[in-house]
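Think of it as A, B, C and D in the order they're written, each chain with its own count starting at 1.
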Amino acid sequence: MSGVDLSVKIGSLVLQNPVMLASGTVGYGNEISEYTDLSKIGGIVTKSVSLHPRKGNPPTRITETASGMLNAIGLANVGLEEFIKTKIPFLKNLDSTLICNIAASSIEEYVECTKALDSEETVKAFEINVSCPNVKDGGLIFGNDVNNVRKITAKVRAVTNKPIIIKLSPNTASIKDFAQAAKDEGADAVSAINTLVGTAFDIYTKKPKIKNITGGLSGPAIKPVALAKVLEISRNVDIPIIGIGGIMNWKDAVEFMICGATAIQLGTVNFINPNASEEIIEGLKNYCLETNLSKISDLTGSYLI
Amino acid sequence: MSGVDLSVKIGSLVLQNPVMLASGTVGYGNEISEYTDLSKIGGIVTKSVSLHPRKGNPPTRITETASGMLNAIGLANVGLEEFIKTKIPFLKNLDSTLICNIAASSIEEYVECTKALDSEETVKAFEINVSCPNVKDGGLIFGNDVNNVRKITAKVRAVTNKPIIIKLSPNTASIKDFAQAAKDEGADAVSAINTLVGTAFDIYTKKPKIKNITGGLSGPAIKPVALAKVLEISRNVDIPIIGIGGIMNWKDAVEFMICGATAIQLGTVNFINPNASEEIIEGLKNYCLETNLSKISDLTGSYLI
Amino acid sequence: MIEKNAIVKSVEEIQKGIFILKVESELSALEATPGQFCNIKVDDSLTPLLRRPFSICDVEGNIISFQFNIVGEGTKILSQKKKGDILNIIGPLGVGFNYSGNYENAIIIAGGIGAAPFPFLIEKIPNNKNIISFCGGRTKNDIISYKLKNVITSTDDGSEGFHGNVVELLESEIHKYDKAKTKIFACGPNPMLRALSKFTIENGYECEISTESVMACGFGICQGCNVEGVHSDRFLLVCKDGPVFNAEDVKL
Amino acid sequence: MIEKNAIVKSVEEIQKGIFILKVESELSALEATPGQFCNIKVDDSLTPLLRRPFSICDVEGNIISFQFNIVGEGTKILSQKKKGDILNIIGPLGVGFNYSGNYENAIIIAGGIGAAPFPFLIEKIPNNKNIISFCGGRTKNDIISYKLKNVITSTDDGSEGFHGNVVELLESEIHKYDKAKTKIFACGPNPMLRALSKFTIENGYECEISTESVMACGFGICQGCNVEGVHSDRFLLVCKDGPVFNAEDVKL
């Protein structure tokens, strides 16, 4: 088991392997650290942080669907101040690459958050969430307007030299335009995809199963859509892509990398198998050995079409 | 088992019940008629017909995904002439409401097809497919441009008095705009949704599992997305909606009607359970009895939110 | 909190629709507290996708029991497990009942399948306490008293015991017990817990309730299981802050 | 063609990784032709979603056998079926072998699990014909000769029988049989069928091949199982026009 270089590069950021944990699916790292060794993973992306604390949506926030789940957590988070005060110290000791995901209700808020966190040495990069479908203010209204994505990227770029990743929404006809906009304004990478908008109703009460009415669909159900989005970006825009959506095992991770992803993120699978990240890293290593790949980064975009 | 009125109205078209069979999932009715009694269903929508015969995409055309499948049949069909000559006579004898689905590579072709079929008495309505993701010429390039949908609807409207249903693509950020455009130009209804664009790759050959590279995702995996699209239209545009996407049983059908669908179409389920339509009609009837609903049409848009 | 493959020892239908699942697990069952739960992956398929939470019903050595009824697909699959099948289980999870303290009467209120956590609690409650179990159900067939002690029953339809719900039963019986020396432990459907909390808060009884919520993870990372707290400006999480709460701390 | 719930009678592992599934079905098994297949829903879950196609291996009264190996999730689930389980089956489907005609030698070519349809074919071929079965596999463990007649084997690694593939074996043996009085029936992986078709077409042998394709429906409504035809300007459907074709009619 040696001789495989699992490291990947996203802009100036070097990850020891391509397996990251997705925003909103591992909190701030403490709970999941009981199940998996976070020092082994490529990186951890925090739950979206906003300038002020957000209580999030009232219950019910989640419901299961066929091979997937809907969530409308509503960006519940401790807010910037508390994040810096209590979460970063814990994350600093984890010996894992920390990427801070930022959500906001205005362009100014994105800028302010990024600025405040830029000086935190523990934060190695920013993932800008312009694609949360579950809050009215912010999120998807930015993510579905290419000019907003352009503006946000430019303004955030202006206040930090750390790598910037723009997290894109799949709820659009042409994701490549958004990736191109991000690239044009200096983003180092894009991540794709955030959840798809979906809903579910109780047929007897006639009420939505989640309080917010619609939620974000995640899990294996969305994998084919996520792969198509990653492939679309990969074939059209020259920017590193972090693939996300329905990854359950190392085979799924390989599939994303073949379609163009430089790294991948695990979301829903963490809820079901909190040790998935370690298993996937192991699986990737074995796949490289089996297929005589000395550098996993050669897998990225290796599709034959 | 009596006293429930299952009939629904789509423009001037009255269906004996809301359960229809979706385009491309029952061919021209002959094979499935061995498994289910087509005279009992609300309506049958033909495989998309185009002006000239289309051979469709080479193999492999389909692959299974988590709770879903991808297909890229490529609108394989016998063409208008053969359709009129050999398919309509069979369909005429089925004693089922026939809706003809039309696909085309140009606005003119849509018009020509509609015109030619307008005089066929057996054809009771048209479903205009502006949303096929699996052919380069036509389909989605129309479905993703609201102005094209506007134009196509207007021009088709001009050549027929029969009900027109515009079949919408989910691969867009705002399906309501497309529904509104269809309504503005005189469409009688919209159907939603066609398949989502997706892909899947073989991790050893690194080739796409379907020859066309991307395909259309259907089946239970997409139900939450389809429901959200139906709800979005229902809350914003006053037009009858035919709900499609991942319906496997009567409960799913009820859920679509609650979200705003006047009728529903069964797609992928026909491949797995070719008698699903009869079972669902029975289930709907029982649900109405159980919940003291004398007219199923009262269920449409009965969401409490 | 650990994740482990457990071996199914038996699944027994103890009464119509009510099952006891016993598994053998390396997970240190002995460390578990009554009221804690485990999150079980019913099989390795993608449907159902998520784990299913079940209270720990009983612990004997390294055998853990769960008590459940069939609700949907997940519990149906569980009910069909055979001896020797493997189940992936995370647990013990959450905050259980606090059964220490100097009360004398432990009153258990179980609504239907809400009886599940109490065999384990009864075993742990010190011997010198007086335990009374009030069990309610819609009909006599819905009463579950598996391994409970000193059972008094109520049914909505009057087919067994007190005619009424279990909270009404409690109200009619509670005068027999010294308030200051009594602690109530309850589990059941939300409407029952709501009615009970109202009663215990208004009348100043010490009361802990075990609550339910849809869950994705069960251990605090998804934020999906929130419940409105009374003294808290953030939501509480059923899986981490609960499932057992002081009745006065949550708004159900 | 009908849809029916069939009762599992047995699942037997006849050799490492090769299973025989027997079901009892009302579906008129007697009407089936060798080479036809059934489309089986392995369970009522949403994953796997689609039915799985399997050749009819054998028919005895109202018992139908299938022979299969484990490929992925669907076949794994099938292999774990127990006596009494219910399987929803559609069949018999497609066009089978045409075993009538005045040939004298029926040569069967089976590549690995491609042996599946031949027990039934052998039973149906009139008694006065001479049947020879050529069975190929990668190693001797991959040779399947369940209920075949007059078996001659080949292995890619030479661990049993002829050292080489089964088409090469055929080529080296075929001179023993009068071309005009010989008909070849084949089933196996596509590369094998391609090589065989090339040989039989170039050398003028009558040859029928049973082909495979991914399928959604199995009965002609999804258009998913297409294969390039030689004499046809439309695609052929494996499930309706096949799965058995004359070797010269399809381009694999």
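Everything that follows uses one rule, which is that contacts are C-beta pairs under 8 Å (C-beta built on N, C-alpha and C of every residue); 3 or more make two chains touch, one makes a residue touch a chain.
Keep in mind that this is a model prediction, so the values were computed, not measured.
**Student:** Looking at A-C and C-D, which one has the bigger number of contacting C-beta pairs?
**Tutor:** A-C
**Student:** Taking each chain's centre as its mean C-alpha position, how far apart are subunit B and subunit D in Å?
**Tutor:** 36
**Student:** Hey, how far is the Cα centre of subunit A from the one of subunit B, in Å?
**Tutor:** Computed from C-alpha means, the inter-chain centre distance equals 34 Å.
**Student:** Measuring from the mean C-alpha position of subunit C to the mean C-alpha position of subunit D, what distance in angstrom results?
**Tutor:** Those two chain centres are 54 Å apart.
**Student:** Of all residues in subunit A, which are in touch with two or more distinct other chains?
**Tutor:** Only 66-68, 219-220 qualify.
**Student:** Residues of subunit D that contact two or more other chains, please.
**Tutor:** 46-47
**Student:** Viewed as a graph of touching chains, is the assembly arranged as a line, ring, star, complete set, or other?
**Tutor:** Shape of the chain contacts: complete, all pairs touching.
**Student:** If you look only at subunit C, which of its residues touch subunit D in the complex?
**Tutor:** 45-47
**Student:** Provide the residue numbers of subunit D that touch subunit B in the complex, in ascending order.
**Tutor:** For subunit D paired with subunit B, touching residues are 1-3, 41, 46-51, 90, 213-228, 233-235, 240.
**Student:** Could you pull out which subunit A residues touch subunit C in their complex?
**Tutor:** For this pair, the touching residues of subunit A are 24-27, 31-32, 34-35, 47, 53, 55-56, 58-64, 66-69, 71, 73, 76, 219-220, 248, 268, 270-275.
**Student:** Could you please specify the touching residues of subunit B with respect to subunit C in the complex?
**Tutor:** Within the complex, subunit B touches subunit C at residues 66-67.
**Student:** Which positions of subunit B touch subunit A when the two form their complex?
**Tutor:** Within the complex, subunit B touches subunit A at residues 65-68, 70, 144, 169, 171-174, 196-201, 203-208, 213-215, 217, 219-225, 227-228, 231, 246, 251, 254-255, 258-259, 287, 291, 302-305.
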